[in-house]
Amino acid sequence: MTLAFGRDHLAIPGPSILPSRVLRAMHRPAPNIYAGSLVDTTLSILADLNRLAGNSGQALIYIGNGHAGWEAALVNVLAPGERLLALDNGRFGRGWAGMATALGIEVQTLHATPGEPLDPARLEAALRDDTAHRIRAVSTVHSDTSSATTNDLAALRAAIDTAAHPALLLVDGICSFGCEPVDMDALGIDAYVTACQKGLMTPPGLAIVLIGERAANARGDAPRSPYWDWRPRLAPGMFPERFCGTPPTHHLFGLREALDMLFEEGPDRVMARHRALAGCVWAAVDAWSGAGELRVLVERREHRSVAVTAVRTRDGDAERLRDWCEREAGMTLGIGMALERIDRHGTATVLVPGSAQFRIGHMGHLNPPMLLGTLATIDAGLKALGIAHGDGALAAAASAVADAAGSAAVTAPNVTRD
Amino acid sequence: MTLAFGRDHLAIPGPSILPSRVLRAMHRPAPNIYAGSLVDTTLSILADLNRLAGNSGQALIYIGNGHAGWEAALVNVLAPGERLLALDNGRFGRGWAGMATALGIEVQTLHATPGEPLDPARLEAALRDDTAHRIRAVSTVHSDTSSATTNDLAALRAAIDTAAHPALLLVDGICSFGCEPVDMDALGIDAYVTACQKGLMTPPGLAIVLIGERAANARGDAPRSPYWDWRPRLAPGMFPERFCGTPPTHHLFGLREALDMLFEEGPDRVMARHRALAGCVWAAVDAWSGAGELRVLVERREHRSVAVTAVRTRDGDAERLRDWCEREAGMTLGIGMALERIDRHGTATVLVPGSAQFRIGHMGHLNPPMLLGTLATIDAGLKALGIAHGDGALAAAASAVADAAGSAAVTAPNVTRD
Amino acid sequence: MTLAFGRDHLAIPGPSILPSRVLRAMHRPAPNIYAGSLVDTTLSILADLNRLAGNSGQALIYIGNGHAGWEAALVNVLAPGERLLALDNGRFGRGWAGMATALGIEVQTLHATPGEPLDPARLEAALRDDTAHRIRAVSTVHSDTSSATTNDLAALRAAIDTAAHPALLLVDGICSFGCEPVDMDALGIDAYVTACQKGLMTPPGLAIVLIGERAANARGDAPRSPYWDWRPRLAPGMFPERFCGTPPTHHLFGLREALDMLFEEGPDRVMARHRALAGCVWAAVDAWSGAGELRVLVERREHRSVAVTAVRTRDGDAERLRDWCEREAGMTLGIGMALERIDRHGTATVLVPGSAQFRIGHMGHLNPPMLLGTLATIDAGLKALGIAHGDGALAAAASAVADAAGSAAVTAPNVTRD
Amino acid sequence: MTLAFGRDHLAIPGPSILPSRVLRAMHRPAPNIYAGSLVDTTLSILADLNRLAGNSGQALIYIGNGHAGWEAALVNVLAPGERLLALDNGRFGRGWAGMATALGIEVQTLHATPGEPLDPARLEAALRDDTAHRIRAVSTVHSDTSSATTNDLAALRAAIDTAAHPALLLVDGICSFGCEPVDMDALGIDAYVTACQKGLMTPPGLAIVLIGERAANARGDAPRSPYWDWRPRLAPGMFPERFCGTPPTHHLFGLREALDMLFEEGPDRVMARHRALAGCVWAAVDAWSGAGELRVLVERREHRSVAVTAVRTRDGDAERLRDWCEREAGMTLGIGMALERIDRHGTATVLVPGSAQFRIGHMGHLNPPMLLGTLATIDAGLKALGIAHGDGALAAAASAVADAAGSAAVTAPNVTRD
């Protein structure tokens, strides 16, 4: 007998669970796209995205997904033939690098071991080696969604500074934005790419690119793809030029509402809530790891994303568990993505097959009944399938919630949720 | 710090959590109310309500809440001065009796101890005592929402039959319909009152009254309140007469969708799912009862509602816990309602104050991540507040889910949920 | 070929067209019904209903439709056997009187000719005749939806005052509330009944009863139907007692939003808009009346409702036209209701069969493209069906809009519509 | 006094009015993006888009707007340096050509006089001149949204065939798809670009590119922008590769519903409805042209788009009228876009300033009350502003509706609209 008939529960690392408020805000008639409230709404969104990212520069919204944001940033910053130093922590860091290669950019890659951040010393060394300053930009993910690893952006920034290298810093914050703090100005991030469907709690469809002055002018007046070209978007004649054509009306309604929610809660509280709930996941997995083979893929807490956790299993168990949760309990866990180690010769070895890993998304619109429900359903699945696991995971998770709620560093705001 | 910012989670015994499908079905333009699809929709709803209740008689929908349904049934079955034998298992059984008194009906009440069903032998005795057959009808709740107690309808029916008494049987299925099976024809239920906001997963606003032939004609042509009078509703000239005026258009859209969901899953599976999830709640509370004062209010499993569970606590703990869950975790538990014992002289003594009890609703659109999330959040609250409780509650609940899902007596249907 | 595939357009006298904002407000999760924002929302609604009606007394909301509101007012004001003087302008005035009779109230009726208001002199005479002051209350519609006639409430009030009669004044404002101004205090209205699905732009499901001090206490402590009894609703212990049980959560969300819209536009502007748009309808029908048999049923402008217009046709044409509009153009007109003249002997003669009349609703959420679209579609139907009609109706309607918009007595507010 | 408080009425040439069904379909929880129903939904959409376009080739959906579709088609068909022969009928034909230039494609343009289609003889001549077959592709709009002119695709196809030139034919059907029939296979269209927010009745956010075999392989294995590259999208490994990353989940839900509506009505009936309603607009404007300066910009009916009509006015009147309609009546008309004539030296002269033109969108979800309401509101605005115009426009439009509905060539389907 399946018990799945209730709310389908999505616990994947994006798209994340959509607040009722956001869906409601999107359920409205088509607006005028040349004048009126859509214009004000858009400008307020751009301002709030910058505010959330600590960016004193400019903000762009592309109709597209995260990959669109990647391409937009690359096309406007790097000409074919110019060199990008790409940091790789998993499938997404590597994917961005691959996109650059396809665009004719010359790519040099530093591969981290999956589950570990990129060692800043390696970045510093690579930049020092580039005495001719041929490297025009460094790209990195903040958190890699596939391995659930987080890089230390401040340390990477420091490495660039220490190397006294003029490379631009391009950051993929797709997985982390709205979950993990970022301060573009303080970190000297020149271009920051994100998307609306994770921490920003909006259905997929918008890529967001936040830029500083250096990135804005990186390619001067060089011709480039009109769709990605950010120059007319930043200095539009008619309003639709901000979007190279018809604006994404309903996504703008949704994103406006999501940002309202975020600022009503307060960005600091949002980030603290993500950290607390991530701790709750880790407490559970640590308890499960007491017997059998489950464990958090990223060993050290400070290297873990607060938005997604990858859980190692015996090969095959991850898939069985995901199937059980979906079929019997109405809950969808994130698929495992194969993680490879790449040696100095560029040879790839699979370190963790996709079938030996699953991921729990814990980003965005999330509170204890939702997250504890996820963990408890996994626990039920482990029991139903006879997958060996340590005891006490749920009590540990509940204790983590109790401790976090009790710590009360920040006063609760009085706002409407739903 | 509050962690409440996610989906507000409602774990009260109605209104229950609304499926997205139901809300979506209600989000539509106003329809023609004299002809067209609304008429067909309504007729199909009435047929499906009867099907779900095993009623070969007629179905009525009143714009109103459960209390409206109570009054509709009373007004059409009993004239002022006629006698009702009312069974009382808590606030709702007693409330219905009180309504009858206010309507001028003569009421004789049998009070059960809160947390226990009414002893069928007492019903039989009372009916046997009524040699003049002055008792025109017997009223009872199926499950009482305040005490979470369930009566054994078959045993009550048998008592009436054994007493060879012609009284009509009126049943309040507000808390149980769609959760616990009922077969009106087999049980000889003459009038069955329910509402749309619990097992039927629709926002409050509709009272449902299902009747058999005897109830339909109980008062013959006697005049009565036009709004409650079911005669024109059962034989309408123009369609709106089914509702004594403008029909509840959007609630009909919603209820149609909810019934579609229920029949897509299959009523047997729906009832089995409720029983399984109730077992999961009881497993958790039983574990908590290992230390401290928490325990299921209704002692014996066969006396418990599968739709709601009342949990006894030390006086005051229930309120502290409810507050914590709402404020810190975004979850609303059901309030405790004071339960009284009434002696043979009619003197009431509070047996369980409202502050020493809380209720967990587990009715309607519910699956493991939702229910386990509820239980785990309560567990976190107990820990945060230092309320003594036994260990292992969540593991027990997860095991109960694992066992129920694994039992697989019924093949899972392949339908769309959300 | 049908051209109907677009928005279904409802031009009936209620339920009226629902604003997107209202439907959106109703599309949300089930709330806590004992505490929290639902309580505040409800209290604010009650206050705003009173404000809109100029009532310094109290406001009640019943889950029900307009007929429920009728019964609630009668049950709380009049005991069986007491006398009501009922004014009849059509099916609804008469319907309310019929309900009183069924409730055991002694009813004396003054019948107006359909299409005419009740002559205040007749009311005055009837009250003067009642030297014993046996008449406890006078009931009247403000506007009768079936005949689209409006009574002059101030003149009726003056008649009661001139007769120096203590009868309570009960008014049915179901068709007029939110369209036509009413000032309960100034008019000495003791109980005012309305519903949410017309000028209040909310799906059907709520009856509203606004009362003054005299009505509140009219029956003292006399027992009455618990569902209608307004005493516990006005002095609730727990919040749900305001609704005699579970509150109509989603309708409250919707009505709150509708009232927000109404106050954002401004009640004066709302009323002026209705008057202007009604004038636009009349201009069109007057032009059609230049040839053939179409004409506004109510002859004199000051006797016409601003919320609905009944249009006389040759017998049968009304039905053909309604069918054509629905089938070919996706537009639903209001059905005609047979209107009868009742002579002094109580003998009824059909004055206007339902098939010789249709009605255009022009209440609530309505602006020129909607209303002119209605009129132009009727015009197309007349042409398609070869129903004789005068020329220039649409130009006349457009001119009426041009003139009204141009008159600009009131400055336009800057608010969000949709 | 403004009368605008009702449904905001959008009469612009896209985004078009959204059906309730479409918005409702989009109001749902986030789905699994790797497996399950989203995959089937997407495949069914792709098949139905091809079916609607008469394409036996392949279909692609890009997250983007119409401009994104333009770029996708160009990038996959033409390498930098290759030659495109671009036909220009207004801002959009010219815009596509400009995009090609920016992408490094060599562009040769044939400029039509605004308001006229491109003479096929000029296309034939240009292709004959290209004896070396340097022209790799011909691009044209089907209908240009700015001038509301339609090209005769069959004649253009014939011109290419007559010239026996191997150029690929690229067509922009953004304004026409779902309104005007197209048969890609029969017309030999190699790539057809459209978007979801006009005839497809879905909020903006999806570009659609339908291609045949020759276009699919036009650039062989040449590297290109990964986001636009259609090769991995046509042969995806994991499902998200169809969208180069996260799929546009909610837009897919919406588009699926819109296509359901379109096929329920029947594509032939949809196209016939658009033609009939366009005729209704033209009848009104022709009547207005009886006095003053209003007239349809495109002189000959066979050159007019059935989805949008541009109306010439005295300079300045267009803007005054648009302002009045928006402010006083809640209706938004399409802005005028300046139309230029370009001589053989490439010198542009403004033929129609934007301020001397407005546009009426009549595409998608549209029926008589909506369209006649638009025309009647314009008529009211002309009167209010004292803009000279001929009489009888609305009667003429109503007659056109009466005639079209009466012609009844196609039997009406019995389906749900809203």
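Per-chain numbering from 1; labels A, B, C and D assigned in written order.
One rule holds in what follows: a residue touches a chain if its C-beta (ideal position, glycine included) is under 8 Å from a C-beta of that chain, and two chains touch if they have at least 3 such contacts.
From a predicted model like this one, the values you see are computed outputs, not experimental measurements.
Colleague: So if I look at the partners of subunit A and the partners of subunit B, which chains show up in both lists?
Modeller: Under the touch definition, subunit A and subunit B have C, D as mutual neighbours.
Colleague: Give the chain pair, either B-D or A-D, that is connected by more C-beta contacts.
Modeller: Taking the two pairs in turn, the one with more contacts turns out to be A-D.
Colleague: Name the chain whose C-alpha centroid is most distant from the C-alpha centroid of subunit D.
Modeller: Relative to subunit D, the chain whose C-alpha centre sits farthest away is B.
Colleague: What is the distance in Å between the mean C-alpha positions of subunit C and subunit D?
Modeller: Computed from C-alpha means, the inter-chain centre distance equals 44 Å.
Colleague: Cα centroid separation between subunit A and subunit D, in whole Å?
Modeller: Inter-chain centre distance comes to 36 Å.
Colleague: Hey, how far is the Cα centre of subunit B from the one of subunit D, in Å?
Modeller: Inter-chain centre distance comes to 54 Å.
Colleague: Which subunit B residues sit where two or more other chains touch them?
Modeller: Each of 7-8, 17, 20, 23-24, 27-29, 418 in subunit B touches at least two other chains.
Colleague: Along subunit C, where are the residues that touch subunit A in the complex?
Modeller: Those in contact with subunit A are residues 20, 23-24, 27-29, 37, 416, 418.
Colleague: Of all residues in subunit C, which touch subunit D in the complex?
Modeller: Result: residues 1-9, 11, 17, 19-20, 27, 261, 265, 269-270, 272-273, 276-277, 324, 327-331, 365-377, 379-381, 383-384, 391-392, 394-395, 397-399, 401-410, 412, 417-418 of subunit C touch subunit D.
Colleague: Touching residues of subunit B toward subunit C in the complex: what are they?
Modeller: The contact residues of subunit B facing subunit C are 7-8, 10, 12, 14-18, 23-24, 26-34, 63-68, 71, 75, 98-99, 102-104, 195, 197, 203-205, 223-227, 229, 243-251, 326, 332, 335.
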